[in-house]
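Presented below are the structures under discussion, each in the form of structure tokens.
Each of the two complexes below includes subunit A, the first together with subunit B, the second together with subunit C.
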Partner chain A sequence: MSTKKTAETEEPRVGVYICHCGGNISDHVDVKKVAENLEKVPGVAVAHTNMFMCSDPGQELIQEDIKSGKINRVVVASCAPSLHETTFRGAIKRADMNPYLYEHANIREQVSWVHHGEAATAKATSLVTAAVAKAKELEALDPIKVDAARHATVIGGGIAGLRAALDLAQRGIEVALIEKSPFLGGQAANLERIVPTGERAADLIQDLAAKVMADSRIRVYTCSRIVKSEGYVGNFKITLKTQPPDSQADLEKLQEVAAKGEKPGRFVPFAGFLAVKVPTTASEQVLDSGAIVFATGFSTYTPRDGEFGYGQNPEVITLPQLIRFMSQEKSRGRSLTINGRTIRRVALVHCVGSRQIPGIHEPDADGGLNEYCSRTCCAATLQAASEIRERYPLTHVLEYYRDIRTYGRGQEEFYERASENHVMFLRYEPEDPPQVERLSKGNFPLRVTVKDTLTFGEALSADVDLVVLSVGMVPSRIADLVDMMKLPVGADRFLQEVHPKLRPVELANTGILLAGTCQAPMDISEACNAAAAAAAKATSLLSKGYVELDPFVAQVDLSRCKGNGACVAACTVDAIVMQTVEVDGQSVERAEVNPALCTGCGVCVAVCPENAIDVKGWTLEQYEAMVDAIVAD
Partner chain B sequence: MSADKANSNKGKILILATESCAYPGANSVGQAHSPYPANTYILRVRAPVLFPEKFYIDCFRKGIGGIIIMSCGEECPYEGAYHALAKRIDNVFQMMKAHNLDIRRLRLTAICTVCNRAFLKEVNEMNKLIEELGPPEYKEAA
Partner chain C sequence: MEPSRELNFDALVIGGGIAGLQAALDLADQNFKVAIVEKDATIGGKMIRLSKVFPTLDCASCITTPKMAASAHHENISIFTYCDLTSLKRDGQEIKADITQMPRYVDADKCIGCRQCEYGCPVYVPNHEEGNFNFRKAIYIPFSNAIPQIALMDVENCSLCGKCAKVCPTGAVDYFQQPEDFVIRAKTAVLATGFKLTPMDQKPQYGGGKIQNLISSLDMERLLAPHGPYQRVIRPSDGKEPDSIAYVQCAGSRDKTLGVPYCSRVCCMYAIKQAMLLSGALPLADITIYYMDIRAFGKGYEQFFQNAKAMGIEFVKAKIAKIEQADNQYVRLRYEDQEGNGGVVEREHDLVVMSLGMVPDWNPAGVCDVACDTDAFIKSTIPSLAPTVTSIEGVFAAGVAIGPKDIVDTIAEAGAAAMEASKYLNALENPKAA
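On to the complex of A and B.
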């Protein structure tokens, strides 16, 4: 056994290092007193204070104590662990000690910034003592190393999927880009121009898709769906089924494409980029992939029958339908015409299917409400309003809004532009939405009445030729993938990233990343940012040919395991299986954890009647020791 | 350490705070310098679903006055963990009744990374409650 290993397995000698944080801590906590208290705690070898533990001299203090053999465990009491846990692990590692023989006590954000005087010092003492109790139970851990295929699978061929595939390929990762329809481009193919730059969606898709098709490291599979997924980070096995298109929408688009004589390699408006020939027979293949990037996008909200008159009046349409009508409108007249009908006045209604409120809005068939803001519809609606006014000055535009949320760079200008174009704004409260009624007499087919809060609640009616509903985003229907890969889904039914700031674009399932609107409503720029982030994270995972994972995963104590299988049943990601092993010359079933699949949630820990399974680095025994320390003082 | 036992005559509140949501949420309260009672001890957890029923009962037996589980709620990053936790807490409530423990001493909440007000409300309410209830009077189950 090496000297290092010997030190790690010897009786714990804990070094405690308490930070002043330049007064942030020591102005309220008597750090010297805490150090004196800690020196008396059994197992503590040294207790030091330092003005800034994160500084080089602070870190050297720890390293010297390690190298001199005084300590074999470290507790640092300072700021939040999210700020400097990795700093101190690094310092410990550089001193040739296992970096996981370390525990952090948060005495700034959770003590000195919220408590004062004796109470603060007493609490800091308790928390550091609890950290020592845990440190004494720590074991040396090694990162989990698994071989990784330098290959990523991107699911979804919209803008985010194309961006992610290109970024991955440019970094040397082989990519399979899987798209269920025959077309690339996703929902962006249904747009004319992109907010806020005003560039043509067709140009963007053509550019990205052509680059994807030209890159030899990217293989595009259209008309394809994932029917099976097994494995874990570095080693996913994805079974792909490619088959002739069967959805009515795809078949109609293909007919239009055929009618225009378009061939693969070109963008077709309101269909997408026809990447390759449409398959005529079904086939299956298995891909070995190291990481998966979800770019499954969104669907647009379909208004309920009767919602603002939708479905009951042909003059009530959605914003995507308006965009398409306007794209096809070739007349040069001074009024907008739709299907040959002159539109003298149009009403645009915001927040349809977004920002729904329990008790006010009707839940969908599954009982869900879209309580989130779809974030893109305000700017898109304002863009449409200005375009109508600028192209068709005799068509008047009324906008019925709850709030104008033109939140992004260059988007507020759309609101100003609409105002300058004499778009009339009326504001409604969610409990008093605009009422759309059919007129049997007069020149206009519809009347919109609203209690307008801009005129202090006055009921204003306007007769219009057209009502356009600014519909929001809803999650794509990917329940099959969610079930198959056991993915977390948020209350809003979009895929749930671990944390927007601490672990952006990551799912808890290691090796599966998020790109774009599968995660939440966002505009094309944000979707591309997310896609680039996901590609960068996937590349950093796979570039070495192996993956190093945090060691905080479940482990089975075979001396205790009796093979009852409760952990296998509890595990939601199938990371635990029963294996036949030899014990005392007999073949018995015992639990075995696949560390690459385990997310370290600990659901297995609580259900084991033998206490035979634990999460490394976060064991039940360690928590019990901390509680004992807290109640002891 | 007698001089430091400023809180020892008060009940102690154990807070199990998820590292993805509630623990950064508690830090956010600190960053806002919003004070709250010092008899609160926050333990960082990956997911509180790790703790078996017995852990909670043992905490009360050892003298912890109240436990607040600050979870990620429906935004839990671990598939199925929150629902398993909610079910487990139902079991703990049953066990608490059998051990003569007021079930209000255990709270399951969801605290996000910026839920400062919710954090303070939960802590202050639990503190008030355990002051009213006094120390837990644990009894062996019949």
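On to the complex of A and C.
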């Protein structure tokens, strides 16, 4: 405690720590020179360099200087603060100094990755000098502690949502599981057997969904959507609207379920697990929740009209459609039949709607391309190929692929099995995709022609009865939630994690986590791992009963505030209210900040005519000191 | 020998690589007491030995060291390095682990990591950490960002000159240190024992490990690392800056003759990553990747692959049939020209990298009766819905120990294993809650 007090009252003694980042920084910035330059800056007590400041020896360098009393302010110059600010705050805290008496200079992304030579060294010196100027003005701060509800909201009732909900409940956290359709199970409900285990998708969904329904800590809200979301980590307020199903797809599925006489509590193939009775009236309710887990999943890509003949020829279908047809196929003949038509030869085309390349593939209506690999289609296609060959030996199968990506454990065997089953493989380059044309005469309805790179680029034609497109994954349509909660979305249009390795299941919005294919294509096992990892994070967050928020929030200087209310009007998150206070015996209106709601955006600072409001840790005085330092030379 | 002590924890994590560290952190953050047992003298596993990581090209150290430091300083985590696990068994309600602390010949409590012993030692030994490209001493700290920073003596190579003991300011050198057995009891365990690369010398068609300038992918990681052995990329035999570098994909995977029929999942991406880093380090060099299928399936991976193509890296679809030593220390590759005019083609390169695959680093036989699959990795008993569950109740697995995977998938899986372990612990405490 003594360090904290003295740190503020004593003359600032800044320790400057400059990172080589292996060579990421030091290959372009002369870090020794920066240290020498900084040693001359008034108020700098020490300036060190280290190969990796974030490593243990690097952190110890700071801690030793704090403990020996050499320094009472810290400036680290390394990568972006988003990467390691918390690392260095932790190190400073362990040395018993207030962790907010620390300023970070980004000399990697803002310097060494964009500048070279002397200019880089000069800019690094300038940025670190500015950080020192700010550090001298810093004051000790304490994180804001707020109570957290031991409740999590899981959005999406597919496999990932079910997995996350169960995991959370089993750690004693109350869960609201929200699903927009009447069914649980998500896209997995459209599958038959899972690659590579051969388990039935129906059994997996039934297993998870039944456990979810039986758990008293989980409340399942089907036919429900989030219409409003407010609050912050630990204290989200989520407004939920439940209404009778109105989408055509849901109504058709419900009719099928009714026709089969199925009741809630059972899985129905190609529909899902009917969780509860379908509501007949609309209702709204508000949930208090500590964390939100996104498990909004994916949709399958819909081929454009004419893409590989899709939409123009009834004999061109997608892989999910084939799976459904085959599940309904009861004939025991030696040839596959679809809608009564004998399929003598079928062409399976990989990478439809995946691995799209700018300049080669046509963008969709929104101008987007799916440049990513959808990860699951290769194994699923090979499985379908083998199943056809094994069940219907007279049906021949051709596969048109770019690369076979049977990466997963047990998947390579499916590739081999397809080869042993005499599936014929043809390989195409993206610029020369297979061409599907309609035949007006002859025996077959369609001809597929491809420049096959496995036979030295020969153009090979095959007449077929059926073309099946292995369609990829696209993110579910959740633009409403993305807008409402201001969620980061990547160039691939999936939700974007903070960092794929440091914080892979977290969004930048604190308290909102990612589970499964809303983040990127995954198979069921990978989605379950991601969901469990998200549940682990949510549990860590909520298990203490409180959460700590950064103290960088607005504060009002009551000696200056005249109560004009500009800040209240400007605040985008309603974090400022006018309060009646006594000043010199008179009742007056003054601004008051709710620190838990404040995001520290600084809009209020900009509009206050009296300079009476400031963001802690980012005060106008501190900014001015930085600017002065930068323009000084 | 009687165990010297018995320690109790909620959870025991075997392996201090990225999987073990992440699992430990996710358990410790839920307020469970965790022990990490690591066989190496430092935590960090394979990841800390890499240069940069795909697809973000972050330096590996930048991502690993903070997790290493966070584990080392976590109030709920205790780390035991340079330890040999001799038995891991269920013992009633608990998991009992017999562990041998291997002698460092340095008193861990006294060593302050000042490296005076290392500087003073006159013996130079090929440095395995740097692909044997440079030398280390016979007493040394594994590498600059190792945790813990405790010296370790290599008794095989020590000349017993006594210099280290003389210069050590704290009297930490102890030539007579003995192995010490101890026991850890925990309620649950996570196996995160990782991988090793498929051996270089197993395939006679690839020269049996005797070809100059044919190096492993991990060797190339070290050559590319900014703090690596030469601080630049040169070919090892003569120090020539290579003009032409090639990658042999599936050099240790998808190959039944090696007993590794499976895909190792990371080799395509690390080869592309290394190729990109090489085109930065050696802008004039030609880089060729010989592949069967490019498996760029993760988030952002396909885009990474397409960028590499656009950068001019040559991709040749071919399974390399034979690798030979050519004149002037070149390496000759022989393959069927599938994309060109057919027939057998031979090409020579200055430097060739074998994109080796992954095999388990730990054989539980005789130590732990956890079930393994035919691929020798630990068997997942609920592979679709709870992939980290193993055949032993309360024992979970994460990362490559339970099948090849990249760092991103490993970290997610470590979180999942921590979740399973925490649910198990919760159920033990509140039997009704499960």
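Following the convention adopted for this analysis, the second predicted complex is superposed on the first by the 408 of 633 C-alpha atoms of A that agree within 3 Å, B and C clash if a C-alpha of one lies under 4 Å from a C-alpha of the other, contacts with A are read in each partner's own complex, and residues count from 1 in each chain.
Basically, a residue touches a chain if its C-beta (ideal position, glycine included) is under 8 Å from a C-beta of that chain, and two chains touch if they have at least 3 such contacts.
Just so it is clear, the model here is predicted, and its values are computed rather than measured.
*Asks:* Figure out whether A:90 sits in contact with subunit B (first) or subunit C (second), or with both, or with neither.
*Replies:* A:90 contacts subunit C only, not subunit B.
*Asks:* Applying the document's definition of touch, where does A:519 land relative to subunit B and subunit C: first, second, both, or neither?
*Replies:* The answer is second: A:519 touches subunit C but not subunit B.
*Asks:* For A:170, decide between first (touching subunit B), second (touching subunit C), both and neither.
*Replies:* A:170 contacts subunit C only, not subunit B.
*Asks:* Considering only the touch criterion stated at the top, classify A:501 as touching first (subunit B), second (subunit C), both, or neither.
*Replies:* Touch status of A:501: both partners.
*Asks:* Check whether A:578 is in contact with subunit B, with subunit C, with both or with neither, and answer first, second, both or neither.
*Replies:* neither
*Asks:* Which one hits more subunit A residues, subunit B or subunit C?
*Replies:* Counting contacted residues of subunit A, the larger count belongs to C.
*Asks:* Check the residue A:558 against both partner chains and state whether it touches subunit B (first), subunit C (second), both, or neither.
*Replies:* Touch status of A:558: no partner.
*Asks:* One more residue to check, A:623. First (subunit B), second (subunit C), both or neither?
*Replies:* first
*Asks:* Counting only touches as set out at the top, which of subunit B and subunit C does A:460 meet: first, second, both, neither?
*Replies:* After superposition on chain A, A:460 lies in contact with neither partner.
*Asks:* Regarding the shared-chain residue A:357, is it in contact with subunit B (first), subunit C (second), both, or neither?
*Replies:* Only subunit C; A:357 stays clear of subunit B.
*Asks:* Show me the subunit A residues, by the header's touch rule, that subunit B contacts in one structure and subunit C contacts in the other.
*Replies:* Shared contact residues on subunit A: 499, 501-502.
*Asks:* Note which residues of subunit B are touching subunit A in the complex, please.
*Replies:* The contact residues of subunit B facing subunit A are 1, 3-8, 12, 14, 20-21, 24, 26-27, 29-31, 33-36, 38, 41-47, 49-53, 55, 58-59, 62-64, 73-81, 84, 88, 113.
*Asks:* Quick one: in the complex, what on subunit A touches subunit B?
*Replies:* 33, 37, 40, 80-82, 106, 108-110, 113-123, 125-127, 130, 486-488, 490-491, 496-499, 501-503, 507-509, 552, 570, 572-573, 599-603, 605-607, 615, 618, 620, 623-624, 626-628, 630-631, 633
*Asks:* Mind listing the subunit A positions that touch subunit C in their complex?
*Replies:* Per the touch definition, subunit A meets subunit C at residues 20-24, 26-27, 51-52, 54-59, 79, 83-84, 87, 90-91, 94, 159, 163, 167, 170-172, 194, 197, 199, 204, 207-208, 354-355, 357, 371-373, 375, 403-413, 416, 427, 453-454, 456-457, 492, 494, 499-502, 504-505, 519-521, 524-526, 528-537, 539-540, 543-544.
*Asks:* Hey, which residues of subunit C end up touching subunit A in the complex?
*Replies:* 26, 29-31, 51, 53, 55-56, 58-59, 61-63, 65-70, 72-73, 113, 144-145, 147-149, 225-227, 231, 254, 261-263, 265, 293-303, 306, 317, 338-342, 373, 375, 377, 383-388, 403-404, 407-409, 411-416, 418-420, 422-423, 426-427, 430, 433-434
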